[in-house]
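A single structure is presented below for examination.
Which chain is which? They are A, B and C, in the order written, and residues in each are numbered from 1.
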């Protein structure tokens, strides 16, 4: 099909090579009616959107993960799930995604095909369409294989009001699954640490889980997926935005045994590890059981658990009751967690 | 037995703390102040904060966080030298993750990486050796630091490199040894320490005998301690019981891995490769005689200090830094004027804010004292 | 100061270089076991043994008997506390 099986600058030059790449890789791979029209933009009717709610949610995210492929996902599935989840955390139903590629000259086209296939699979399972896109090719060394930007549009149902500033004293804090798997899966995939385990990323779309939560009939106060910075960072953001304290119970935090093992070896704290398909919800105390049950009925929420509660003081702080019964303050990290020897 | 969860049992912890309180109240009454116990090792500091142990203990006993964090006490000039090595053409600089963040006078290794140096974070010196095998046309330098615990791993790696004839591998050696520093702390007239928790993993290598002088000459109890929360509490209890009975001995709480005489194979490898330096600089404490090691002459080919021309400049300690006072137990981290204002984990000024095991960083990350009191008061 | 964690040796990968695979809660890594091979011991004798791992090296074999003894001593201090508590309660 191609003279060369590698991406070259010609694939980004706007000529026939680029046209063929778009048709054979993207249009064929994404199989979306809107995309095959090859227009510069996607169109969708307002009336159809308004059936879902009364406000648009709009977000964008860029993906530069290295390595491109890891246990439980790849840069493509991550790019779809990440943007779908950002939409879903407003309570929105995610609908349409755009997708911009930055390709490094020399990238095997098969690698690109593999990523596109994985994006389409993730879009199918999230119930969204990839409707518009763009491709740029940069010289060798100007990017690391391939980068993806996705933007997404969703519609927020009438009456749903989710915000980091709505946590109230007495609310319960719920996590949708065991924490830290994505962060460890990426560390494992980097050969430099030479660690092996069966930990795979939690990379998954959370739209259906959020629908379950909203269907349970609770006035959900806060929702956020605990990506970079982990659960600790999300909770700290809730505590600061809502000017409340969050009391966490360490023994209630679901952590997979292998994630715990990797944390022991590398001296890391699972509270700060990235997740890509795990959310934290703050709900009124009376609804907590109902919401946990609703979450557990969705595949993405099987391990959902109450992990703490909202109190008044010390405002703006997250306090962890350790498994020993002591207490410590949970702060945001200055930078990345690095493996340590001491 | 998995040797982890068994030593994190909250029920046993509670009862240990009850007995610690009983003895420490009596001691504090006798002393007219809280009993001060120094945990020498940064790993202990980490456990104390990680599990919130300090807040569970009565006010009649206090931990003083010691100098046993090799990343924290690394002098600025040595970081500058390492950054200079990393910037040499053809060099791959391999380092433990926590050492990559330590600020030099201008740059840390992470910043050197951002500026184009090839800096790789590894888990083991063996991984650095593997980098040397895989990149025969590059010069791989491992940033070797740590106490006696880590020395055998770098020594054995160098011995392996020599037996393979791998001449593109070297160590930038910053290993230090804890005993001379303990002696220098004890010789400080103003030291307010009643007893010590000894560094468990250093002791795996060197055994318990090197600490005898602490009990014999300085009449202070020393208990070699493990790193799980129950290990720390039991060791603290043992120190208090010694004080209560006016005894001063070296005891070993961590007998599951620490012997009286240490690990002969490890010591043998260390002695083959390393020899004592006349003196080594510690960030926050200054020069301490015989507190560091360098590579022996026959290993010059594997010694980055011989292979590369280093600036070797000494950098002055930053203004307003009171790390030395914290390390000697004279002030608590929060009493330093820079703490939490100009000196934070994002912008560390002093040694103890640099690594997560540094006393100040741990205080900052896991709860400044006033906040913890606040927290406890609300419950 | 030095992160050291328990792991179980599950396989010898290179008897000449004394390399082995350890398992820590399902996470595996190759380590060097030079420091835990006593004279007269074969590398294979280490399989199934628990060791303390630091920076990719086994630094000590973990003595299970001593670990139990340590835990028993802790329990005894605890038991003493319970006894004291019951004496206090009785005297009230």
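Here is the rule we go by: a contact is a pair of C-beta atoms (placed from the backbone, for glycine too) under 8 Å apart; a residue touches a chain by one contact, two chains touch by 3 or more.
Keep in mind that what you see is a predicted model, and the values were worked out from it rather than measured.
Here the chain at the heart of the shown protein, by mean C-alpha position, is B. When the interfaces B-C and A-C are ranked by how many C-beta pairs touch across them, B-C comes first. Most remote from chain C, judged by the distance between CA-atom centroids, is A. One simple way to say how far apart two chains are is to compare their mean CA positions; for chain A and chain B this gives 37 Å.
Computed centre separation for the pair chain B/chain C is 21 angstrom, with centres defined by C-alpha atoms.
Computed from the mean C-alpha positions, the centre of chain A lies at a distance of 38 Å from the centre of chain C.
Counting only residues that touch two or more partner chains, chain B has 4, 42-43, 69-70, 96, 123-124, 127, 146, 150, 357. Shared interface positions of chain A, i.e. residues touching 2 or more other chains, are given as 194-195, 264-265, 267, 340-342.
For chain C, residues that reach two or more other chains under the stated contact definition are 1-3, 5, 29-30, 54-55.
Against chain B, the residues of chain C that register as touching in their complex are 1-6, 17, 29-32, 34-37, 50, 52, 54-57, 59-64, 66-71, 73-75, 77-78, 80-82, 84.
Considering their complex, residues 194-199, 257-258, 260-262, 264-265, 267, 340-342 of chain A touch chain C. Residue ranges of chain C in contact with chain A, taken from their complex: 1-3, 5, 7, 24-30, 53-55. Listed in rising order, the residues of chain A touching chain B in the complex are 192-195, 264-267, 311, 313-314, 317, 319-329, 331, 334-335, 338-342. Contacts from chain B toward chain A in the complex involve residues 4, 8, 10, 13-14, 42-43, 49-56, 69-71, 96-98, 100-101, 110, 120-124, 127, 130, 146, 150, 229, 344-346, 355-357, 364-368, 371-372, 374-376, 378-379.
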